[in-house]
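Following this line, the structures themselves.
What follows is subunit A paired twice: with subunit B in the first complex and subunit C in the second.
So, the complex of A and B:
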């Protein structure tokens, strides 16, 4: 049974209305969770560009998220830069560092790329932990209360509509990107570099762009997180978080926007359930990751596509 | 009156470590012709293709395309200059749909013209090409769901989408049934005679090579051993020994 266009539009409208009325029906905790999920969606969409679409196993995603958080927090907290400007600055800095990482690692592939980007992520966490003057080191840093467009964000409710709006814009932009020439170039690089070259795709440049864009998404996620969060601790910016986001896109289905969103919601919930047992988190994500890679490599989106025909996912 | 060759390979030598894959090889291809490059397996035919598409860097020699050297063109620049190719061992974009494979080829043509099309127009153009190669029914399939023969045709479709001036075909008939080979024969003749395309064909199916080629170059162990019209090459004693006598003699 294929899903028809009216059915799709109908369910989108219902989802949108549900998202809009959500804060009026629930408690602060649920809204906090919703904000977090939306952040995860942006993170997952960003990592999906690099790993899912372009096939480059960059495992430094959390580093760019951290750069976004710290840049926004420092600019807004110490230099009184308006929050929206600070968020954009965090995005750009993350993008610039992502560009550099991409420019030095486009020659590497597979396990070598995974290991070197993993090392970069670890190094960045060390910077967050050790650069006391800037990040306040291992004690973590207070993030000032945000105010955007003359509107103070004092709690999760205040932030919700802004986070939701940013996420919707990001999702729509990603859909457009994946249908564009650049989106096809990403997939061409993933599927066959010799063929991509023969068809006029600048493979190196395309990889560097994927690294940069992926970092920009993570930087944006970090900046938006800083707008409703009051504290950042470098312990939360470790490899576990990158694995969490990787598990999201694998569970959702690599290379699928709908998959990245579903994966972010599913793993976001699981993570919240495991909040009391942090030491089990890594094991559980690892098991989920392995099981999906073995038994459902196309993830939830792939399964839905197989069940309902091709119009359902993507 | 002399015609300038469309593609001119001059003294091309390619080495992989100590192995010389292609040795001092020269070949001229005339505009609007179908030129076959034949020879036993491992003779260096695909290596020549990989040099024209700038995937391999020769140790010496030059390749002139429309009178200008290709040596300054990066691999991703050849499609923009009007060269498209297929691969012997298939290099399809397996995980995406048939129609999207063709759209990647269209992107190269549009980049050359500095144009953009809406997603809808892109799709229609890609479907028109699939119509021509007989794959229209499979347009929404994932590329790796096609059988081998259809995958070969998809590579051809993707290359045609580039709207090339020079088309390099590496064993396009492998895995095709006789009826499909006849259709491929007609399509190629159509492209060359009506649309002025130039084709270099690496092929083992001698029935196809002999019926459509304007000229044939024979490679063996990286060396050119013969060149000429199909009838001449067929009579050449060296060629018969190296190649046709053993493998394609009956068909020829």
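So, the complex of A and C:
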């Protein structure tokens, strides 16, 4: 049973209305959770561009997220830069460093790329932990209260609509990007580099762009996170968080925007819910990952696609 | 810093580096043999190592078994557990239009499960120490000071790696494993049972992790997070080229020595970042690692 266009638009409209009224119906914790899920969505979409669409196993995503958080917090906190400007600065810095990382590693592939970017991520976490003068080192850093376009953001409720608006813009931009020439070039590189080259795709440039864009997404996610959070600790910017985002896009379905969103929601919520049962958290999470890989190897998006025909997933 | 101090630091750094490096080498070999035959890095290697250390601790301290019994039983348990994981989980994934990333995520899942289990048993919730096998009497080699445990680690690690080398080169099963690593389709054509061979490889990898765990556990504090040591095993494997066994051993020793020298000459805070800088340098300058073959270009 293929899903028809009106059904799709209808469910989108319902989802949008639900998202808009959400903060009026629920408590602070739920709104906090919603903000966090939206951040995860931006992170997952960014990593999906690099891994899902372009097939490059970059595992330094959280490093760029951290760069976004620290840049925004430092510019806004110490230099009184307006928050939106600070967020953009964080995105640009993350993008610039992502560009450099892409430029030195475009020769590598598969496992080598995965491990060198992993090493970069670990080294960045070490920088966050050890550059005491700038990041306040292992004690973590306070993030100043944000104010944007005249609004002061004092709690999760205040931030919600801004985070939601940013996320919707990011989702729409990603959809447009994936339908563009560049989006097709990403997928061509993923499927076969020699074939892409033969079709006139500049493979190196495409890879470097994918790295840069993915870093920009993570930097944006970091900046937005800084707008509603009051504290950042370098321990939360390690490989475990990169793995969380990676599992989101794999469980959702690699190379699918809807998949990345669903994966972010499913695993983000599971993570939060499992905090209620801390002693079983790791076991349950691990078993879920293993079962997903055994029985839904193409992720949720792939499973829906197989069930409802081709129109559902992309 | 005058020359005498530098000379002393060099000797101590190289001696201690060889000891820790031989453990990294064991872990790197455990990672590389799986990568060569399954085409996926085993991200549960650290937790297999950690869980194996706890199994040995349990047998030794809680059941009060003698070392002679503890070592073979722990190695056997690790072998069976790793082989079963391959048989039950990975074989299923492998048969369903596999992508490497699915295998990777499954091993990540295993690592979460193992960590959770160790914490849940009540043995892994407080830091523990593992009794030393060879004692802590010290020996002077040149001007470097090593304990008997250090010497024991080095000797046993080298011995077991030699056995492995002989096994891979001169036995039927070992050669079958290498054939699967080179070309699985051709291996099947000459009559090698792919599944059985891969299962054995996983088992052997678990056994190696367990051996490394028993050897190094007395030197470190045991917690459920001690599996993070395996990052250095990965680093060693990368530096060596990730598909080369001699490379893995060489990489382990380089990482061990570099780590100790950085600790002595620069600062102990820089120890944790040194291996990652080494990985990035090696990969940027020589993307295939030190002893890795040329990176094969995939055909269209």
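Basically, the second predicted complex is superposed on the first by the 292 of 314 C-alpha atoms of A that agree within 3 Å, B and C clash if a C-alpha of one lies under 4 Å from a C-alpha of the other, contacts with A are read in each partner's own complex, and residues count from 1 in each chain.
We take it that a residue touches a chain if its C-beta (ideal position, glycine included) is under 8 Å from a C-beta of that chain, and two chains touch if they have at least 3 such contacts.
All values reported here derive from a predicted model rather than from experimental measurement.
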| item | value |
| --- | --- |
| Touched partner set for A:91, first subunit B, second subunit C, both or neither | neither |
| A:105 touches, of subunit B and subunit C: first, second, both or neither? | second |
| Superposed model, subunit A: greater residue contact from subunit B or subunit C | C |
| First, second, both or neither for A:224, with subunit B first and subunit C second | neither |
| First, second, both or neither for A:255, with subunit B first and subunit C second | first |
| Partner chain(s) touched by A:179 [first = subunit B, second = subunit C, both, neither] | first |
| Partner chain(s) touched by A:170 [first = subunit B, second = subunit C, both, neither] | neither |
| Which of subunit B and subunit C A:246 touches, first, second, both or neither | second |
| Partner chain in contact with A:192 - subunit B first, subunit C second, else both or neither | both |
| Subunit B/subunit C common contact set on subunit A | 192, 194-195 |
| Residues on subunit A engaged by subunit B in the complex (per definition of touch) | 179, 181, 184-185, 187-188, 190-192, 194-203, 255, 310 |
| Residues of subunit A defined as touching subunit C within the complex | 51, 57, 104-105, 107-112, 114-116, 119-120, 122-123, 126, 130, 192-195, 243, 246-247, 250-251, 254, 279-290, 292-294, 297-298 |
| Contacting residues of subunit B [partner subunit A, same complex] | 53-55, 74-80, 84-85, 87, 91-96, 100, 103-105, 107-108, 110-112, 116, 119, 140, 158, 162 |
| Contact footprint of subunit A on subunit C as seen in their complex | 35, 41, 89, 92-93, 96-103, 105-106, 108-117, 119-120, 231, 234-235, 238, 242, 269, 272-273, 275-277, 279-280, 283-284, 287-289, 295, 297-300 |
